[in-house]
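Two complexes follow with chain A in common, the first pairing it with chain B and the second with chain C.
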Partner chain A sequence: MWRDALLVGSKDLRIEFRSRVTTTQVAPYAVLVLVLFGFAFDQDQNLLTKAAAGLFWVAVLLSSLLAVQRSYAIEATDGARDSLRLSGLDPAGIFLGKTLAVVAELLVLEVLLGFGVVVLFGIELHDPALLVVTCLAASVGLAAAGTLYGMIAAGLRVRETLLPLLILPVVAPVLLGATQAWMAALGTAGGGTDGWKWLSLLISFTVIYVAAGSLAFSILVEES
Partner chain B sequence: MNPKADTEAGSIDRVREGGSQPPLGSGKAEPFAHRVAQGASSSSGRVTGTSDRVTRILGGSTLITAALTAWLGLVVTPPDKVQGQLVRLIYVHPAVATMCYAGFGLCALASLAYLWPRTRTRRWDRLAAASAEVGVVFCVLTLVTGSIWGRPTWGVWWTWDPRLTITALLCAVFIGYLALRRTGGDPDALAKRSAIVAVVCVLLVPVDHEATTWWASLHQTSTLLRANPLIHGEQLYTMLLSFVAFGLGFAWLVLHRYRVEVLEDRYADEGFDNAISERRAEGGVLTGAGPRSDGVAP
Partner chain C sequence: MEPVIRFRSAVAFAGRFPVLAGVDLDVSGGDVVLLRGANGAGKTSILRAAAGLLRVVSGEARVLGSDLVLDQRAVRRRIGLLGHTSGLYDDLGVSDNVRFALRSSGVSSDRASCALETLGLVGRLADTPVRSLSAGQRRRVALAVLLARDPELWLLDEPHAGLDADHRDLLDGLVKSAASRGRTVVIASHESDRAEPLAGHIATVAGGVVVEVAPGPACRGSEPAEVERIVA
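What follows is the complex of A and B.
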């Protein structure tokens, strides 16, 4: 299963590395979202610093939608879906592989956006361990939920409009947990917020979606 | 599952729903499923509604229990010491919220039954569709009645309380589920995808229910589900009766909605054939020459 996962994941990443869609389209989009937040908050530096954690994760959330759509767009042409199904790879392995590829892309985006919030919103990083672990847990959660729903919406005529409607309410707990954990780590929380406690919410969400996706993919790969 | 097996399962399902076939033309009292089954066997079968004796009894008892609840809740029971007249919402809001959970829970159970290969029939998918839709209706009603209660007691229509937020998320998640159901395509594939979404999404229901105990919440905790219920006497009975009333209404709605699904499936099966034969008949009337036998376009 893990061998299949590495195979699929490295295939997705190789395509991304060669086509450079993530680096030339998704990454600029994510930074653009941050800049737009600056306009929306009327360049109020105090407000931006206070809201930085939430804005960061909203930007990650919006970019993850693009990453997931991209992850299935590369399967849509040249009968790639059929060959993936006929390849005899373990469905759970396919799920984990596609998830891992999205996780890798999200982590790169998060580093970029992290620089963005430090430079644009003027925040200071206090608790790097909590920041990094939160990023890891949230990325896996976002990627797992996104990959599962991406597969559910794959092949449908209305997938571009349906996918955000399906994913956004589902990953709302990630936004909540990751924002709270980051606020604690950045020192912008109201005080008394235990970041590690919110991290446990993130981890349980991630575990649920990785398990659900691994189980559901055998049904989804078989049918469509 | 391949398309052939799907049509087989569908036809078996339809025959089962038909049960024992009544003689043709046995009047209006025949149960709904029989009429649909007849319609499926003779293409002229017209279905004029989704009601039968069961739904009429259910609907009637819903009206009676609801009226009784309204009378007890508005006239007989006393106003609260603290909340005054507002306490009367306790005869609506908890029952509506419970029906919302029931709808989503039923949807998830039916979806699980559909995903389990041995119990995979169209009827579970229809039940999931019907109960999810009714669940969303009750979920919106929960949010609305809660908002009406929140404005005078908390001073705001909406607050970012865990219970409220998760209920809103639950509503959004199942609206997404209904949107997915509307996307069309291969019904069997769609049923599987929808079933997976329903099973994953219903995990929010226990979180929502426990939200008031897990987090420090503005929303009050459960009134009934505790060793010593917070209300007694006629208030308790009225509240229990409200659960019966909304429960009957829930069953009535789900049954009707399920039958609409049956009709939609039948339309998908026969609609195209019927449309073609109607066009053929029109062509015959216009040219006055009867059906064209050579099959060559002029």
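What follows is the complex of A and C.
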């Protein structure tokens, strides 16, 4: 399974490296979202500072939709998905591979957006370890849920518009947990907020999404 | 000996439309069978059902000894399907596509270079992104994947489409060679003049059923040297 996951993940990343869609479209989009948030809250620097964690994760969430759509767009061309099915690869391996590729792209985006938050919003980091672990857990959660629901939508004619409707409600716990953990790590949360507890919640949902995707993907690959 | 493909009253749907309406078909090991029939007769659906891509919902569908009604994924690594689409990734190069296809099928990617050479996909062409290729060149890349995998059952859907005269001849040679090595080949084609001489049997398909199976010209060809190198 892990061999198949590495094979699929490295293939997806190689395609992204060659096509440069992430660097030329998804990353600028994410930065643009962050800058627009900055414009919207510019009159109130205090509010901007307090909302920075939420704005960061909303920007990541919106960008993750593009990354997931792109992940399935490359399988939709010229019968590539049928080839993947015919290859006999372990469906759980395909799921994990596609998830890993999206995680890698999201982590790059988060580094970029992290600099953006510090520079544009004037944020100071209080607990870098919590920030980094939250980014890892939330990226896996977003990518796993996105990959799972991306496959559900993959065979549908209206997949581009349906995918956000499917994903956004499901990843709300990830958004909540990651935002609260980041607020604690940035020192912008109210007193008594334990970021590591929110991280535990985030990790719980991430584990559920990864497990559900690994189990359900074999059915979804055949039925989509 | 059990046939490589055994369909009995096989029924399959595309959405609500019955694309296979009770197919009866036996294909023996090492045979080359031509499926012919009008557009929409069900030729492609038979190939997709045999590959386990189209679910057979009733009747019997056994391929290479496995019951596809129970497990449609059982034999995929032993089957190669050359379909209407190439199954390639536009942004990857020719060589990268072939190597990925081989590795994902559990076959050593060392076989790629010989297959690419046989299909004339060498030099700068090997690194060219597939999106820049013509339809015929894409077909040759997909054929290179099939050749390098050398599966037990070859399913070819309009295999001559898009190929120039030289590569059509090469394809015919590869089919004959595969049959001579004991591989089973099923071809769906409208091009009777090209495909019939290859066929050991000719099955006529109409309305989602096989209406007639007749003997075709014998198919035993010589082994091209390139193919011997690849499968060695």
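Rule of thumb we're sticking to: the second predicted complex is superposed on the first by the 221 of 224 C-alpha atoms of A that agree within 3 Å, B and C clash if a C-alpha of one lies under 4 Å from a C-alpha of the other, contacts with A are read in each partner's own complex, and residues count from 1 in each chain.
By our rule, a contact is a pair of C-beta atoms (placed from the backbone, for glycine too) under 8 Å apart; a residue touches a chain by one contact, two chains touch by 3 or more.
What you are looking at is a predicted structure, and each value in this text was computed from that prediction instead of being measured.
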Touched partner set for A:85, first chain B, second chain C, both or neither: second
Touched partner set for A:197, first chain B, second chain C, both or neither: neither
Contacts of A:15 with chain B and chain C, given as first, second, both or neither: second
Chain B versus chain C as contact partner of A:212, first or second or both or neither: first
Touched partner set for A:126, first chain B, second chain C, both or neither: neither
Contact footprint of chain C on chain A as seen in their complex: 4, 7-8, 11, 14-15, 18-19, 74, 77-80, 82-89, 222
In the complex with chain A, residue positions of chain C that touch it: 51-53, 55, 72-73, 76-77, 79-81, 83-92, 96, 100-101, 103-106, 129, 138
Of chain B, residues touching chain A in the complex: 1, 115, 169, 172-173, 175-176, 179-180, 183-185, 188-189, 192-193, 196-197, 199-201, 203
In the complex with chain B, residue positions of chain A that touch it: 148-149, 152-153, 155-158, 162, 165-166, 168-170, 172, 208-209, 212, 216, 219-220, 223-224
